[in-house]
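Heads up, there are several structures right after this.
Both of the next two complexes hold chain A, though its partner changes from chain B to chain C.
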Partner chain A sequence: MIEILTVGALTTVQDLGRLGALRWGVGTAGAMDPMALAAGNLLLGNERGSAAIEVQVYPFRVRFTHDGAFAVTGADCAATLDGLPVLPWSAHRVRAGQELAFSVPQAGGRWRASRAYLCLPGGVDVPEVLHSRSTQLRGAFGGFEGRPLRRGDVLRSAASGAEFIASDIGLLPPALAMPLERDGCTAIRALPAAEYGRFTSASCVGFWRNEWKVTPHSDRYGFRLAGEALQRAAPMEMRSHGIVPGVVQVPPDGQPIVQMRDAQPSGGYPKFATVIEADLWRLGQAPIGSRVRFIETTWDEALAAQAELEAWLVEAERLVGLHRNSRGTA
Partner chain B sequence: MTDPTLDWTQQISGWLAGTDIELLELRGPGTRLRLKRNGSIRSNGSDDTVQNGTAAGSSAQVVRAGSVGVLLHAHPLRREPLVRPGDAVRAGQALALLQLGAVLLAVAAPRDGVVKRLLAAHGSTVGYGTPLVELE
Partner chain C sequence: MMTEEPVFSLLGTSAGLFEAPGHLMTLPTQQRIWSLAKVAQAWPEVREAVPGMNNLMLSFKTPPRRVDELEQRLLQAWREVSPLELGGRLIELPVTYGGDAGPHMADVVAHTGLSVDEIVELHIAPVYPVYALGSHPGYCYLGGMDARIATPRRKVPVLSIPGGAVSIGGSQTGVSASTGPSGWNTIGSSPMEFFHPDRDPPVLLQHGDSIRFRVERIIR
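For the complex of A and B:
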């Protein structure tokens, strides 16, 4: 069990998302960086999609009330355990009473990211709602009491972690293993979407050529980007229609909004592009104020990118398992 | 003995002679083969850890690699090294990392101490038992 000692806004329990509920108007929610969530779980020997704590505002501090284990992944937030450094993307044993602290991710590292994950043995033990433990903020259900975490909250892990033996093991972050940059910016692959052809040809070129700034109005619901406005070739009025995370909408001001994990399930703005599922974690980690670029891709390349992530996770799971087994036979 | 793995030991020993690898261990279901550089061959051993060698009559201690891997003095996400000579470290603190593919294994300080020397280069491939860090 852990007790929350210090917590900022919108720290939530998330898993890989509530898939299959859009038909009831329920959005997917889930970790903004599903690769980090899965990696943290693999390090602990959990199921990949076990629930974890997503931190996006710092500092964040918890106290462990029992002996056990934990893993930290995502943004490098210079974590410490009772003041001693904890390496990013690693798993550790912990004793009752120890305090784990995250501080603001520093800009000087080799990967600028914004969200950190704390994984616990067996996952955070909260009830499953519609087949997921993710916090659905709009509907106020799922996760921990359907709300962000507060100081004093006590969360259980589904397993004790007492049998955890692979301490001091870590993973090379996928952002370094599979980097994607263009002209010094994080690059995100996307497909042209339904109304792409109804924008001016200059805008269709500019979207892929220009940099886009992640504005402060970017959160789990959507990333509002700022750059050279995307112009419609003719006025467009649309009825509301279904949308999913990754859809790039363009409101009348021409500044695109990328739908993220807490996106509502319908919208009425024209859809210019769709960020491929395999790259949503890259955007989900892009800090406010950073710049991103879009790379036009194809359906086949999008599937290949997803397969590459899957292969990375399978290999990471295999290597972590080998290490755990070799320690286990001692 | 009809264990086919013993037929390979001669060949493997020959290869090892040309390296600075001090100990090679092969494990499979129910079997374990250990080849040590000083010539002794031992199988089905139970010792799983590389003993940290302590120089007689001094407080210096050499921390050795507990695995094969690529030695990293800094975490891949960071520019700053984990430790520098002269740094005071506490027991359990990571002194270096060994990278094996996607996996990073921490080389932990066996006790409190001060880093005296780093004994192997960042980015070098090290073997099981290679001296990595000298603590005093």
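For the complex of A and C:
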């Protein structure tokens, strides 16, 4: 069990999302960086999609009330256990009473990211609601009591972790193992969407050529980007339709909004492009104030990118398994 | 987008969107969309076939290898489907109109030039078919509102309107299922619970069902 000592806004329990409830108007929610969540779980020997705590505002501090284990992945938040540095992207043993602290990820770090994940043995033990443990804020269900975490909350892990054998294995974060940058900016691959051709040709060139700033109005619902406005060639009337995380909507002011994990499952703004699922974690980790660029991709390249992520996770699982076996545990 | 021919487009690698042709939102087209959803839901690569307003989103279990093949299959199915009957349930919603229950009633009065009583009368007259669910858990997109009470969405969205709020946005009306932001004009309030995650199914209404509003009270 852990007790939350210090917590900022919108720290939530997430897994890989609630799939299959769109027909009821329920969006997916889920981790903004599913690679980090899955990797943290693999380090502990959990199922990939076990629930974890997603932290996006710092500092964040918890106290462990029992002996156990944990893993920290995602942003390099200079985690410490009782004041001593903790190797990121790695799993650790912990004793009852110890305090784990995350601090603000530094801009000069080895990889730029904004969200950190605290994974626990067996996953965070909250009830499954509509086949997921992710927090659904609109409607207030799932996760921990359907709400962000508060100081004083006590969360259980599904397994004790008492038998977990510490190892010194760490994973190289995907941002370093599979970097994607253009001109010093995080790059994100996207496919043109239905209304792409109904914007001016200058906007169709500019979207891919220009930098986009991640504005402070960027959160789990959507990333509002700022840059050279995208102009419609003619006014458009849209009918409400289903949308998914990654869709780049363009409201009348021309400043794009990328739908993120808590996005509502339907919308009516023109769609310029869609970030491919394989790169949505890169955008999900882009700090406020940073700049990103979009790269136009193809269907086949997008599927290849997805396969690359899957291969990385399979290899990470294999390495962690080998290491654990060499330490004499199953 | 509204076109003369049906259109299929991608929503990245996780979904695709089929849009029926036409410029007006019509019930017969929507009934064919429901039929198409039933057909596509059985396809192996489809996780969910989700009706929108005269359109259908397919979320993928696994991205199809070949998009053109899926598109052809969808267009073929669209040519073959016949409208699904509107055979669902009819739910009556008691509504308190105006006052604190409908803080934007004055804006609808101002825009339409009608009195509160006239607006309420036009609002309760039709049986509204549930075209689709979306926006937030349990929210129903309704068809059939009288064009005389159409009122543009608000320039500045309201940060939080309560669940049960009955509102008008453009030529549509709806009832919010939980507290959240909205750009629509709230004209009344209903105590109905549209969504509960522990129920099976978790929603009160599904597409093909219908709503009728009943006056509980008018605050003038």
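Please note the rule applied: the second predicted complex is superposed on the first by the 327 of 330 C-alpha atoms of A that agree within 3 Å, B and C clash if a C-alpha of one lies under 4 Å from a C-alpha of the other, contacts with A are read in each partner's own complex, and residues count from 1 in each chain.
We take it that a contact is a pair of C-beta atoms (placed from the backbone, for glycine too) under 8 Å apart; a residue touches a chain by one contact, two chains touch by 3 or more.
Not measured: the values here are computed from a predicted model.
Trainee: Taking the superposition on A as described, I'd like to know which of chain B and chain C A:R110 touches: first, second, both or neither.
Mentor: Touch partner of A:R110: chain B, not chain C.
Trainee: In the three-chain superposition, say which chain, chain B or chain C, touches more residues of chain A.
Mentor: For chain A, the partner with the higher number of touched residues is C.
Trainee: Can A:T274 be said to touch chain B (first), chain C (second), both, or neither?
Mentor: The answer is second: A:T274 touches chain C but not chain B.
Trainee: With both complexes overlaid on chain A, does A:T200 touch chain B (first), chain C (second), both or neither?
Mentor: So A:T200 meets neither chain B nor chain C here.
Trainee: Using the superposition on chain A described above, determine whether A:T298 touches chain B (first), chain C (second), both, or neither.
Mentor: After superposition on chain A, A:T298 lies in contact with neither partner.
Trainee: Looking at A:G20 after the superposition, I want to know if it touches chain B, chain C, both of them or none. Which is it: first, second, both, neither?
Mentor: second
Trainee: Could you look at A:P173 and tell me whether it touches chain B, chain C, both or neither (first, second, both, neither)?
Mentor: First partner only, chain B.
Trainee: Where does A:P88 make contact in the superposed view: on chain B (first), on chain C (second), on both, or on neither?
Mentor: A:P88 contacts chain B only, not chain C.
Trainee: How about chain A: which of its residues touch chain C in the complex?
Mentor: By the definition above, chain A touches chain C via 19-26, 129-130, 136, 138-142, 190-191, 193-195, 198, 236-247, 264-266, 271, 274-278, 299, 302-303, 306.
Trainee: Taking the touch rule as given, give the residues of chain A at its contact with chain B in the complex, in rising order.
Mentor: For this pair, the touching residues of chain A are 76, 84-85, 87-90, 108-111, 168-173, 176-177, 312, 315-316, 319-320, 323, 326-327, 329-330.
Trainee: Can you list the residues on chain B that touch chain A in the complex?
Mentor: Interface residues on the chain B side: 27, 48-49, 75-79, 90, 92-94, 97, 99-106, 108.
Trainee: Quick check: in the complex, which residue numbers of chain C touch chain A?
Mentor: 1-2, 7, 9-15, 17, 19, 25, 47-48, 50, 52-57, 59, 63, 65, 67, 132-139, 141, 177-178, 180, 195, 197-198, 201-203, 206
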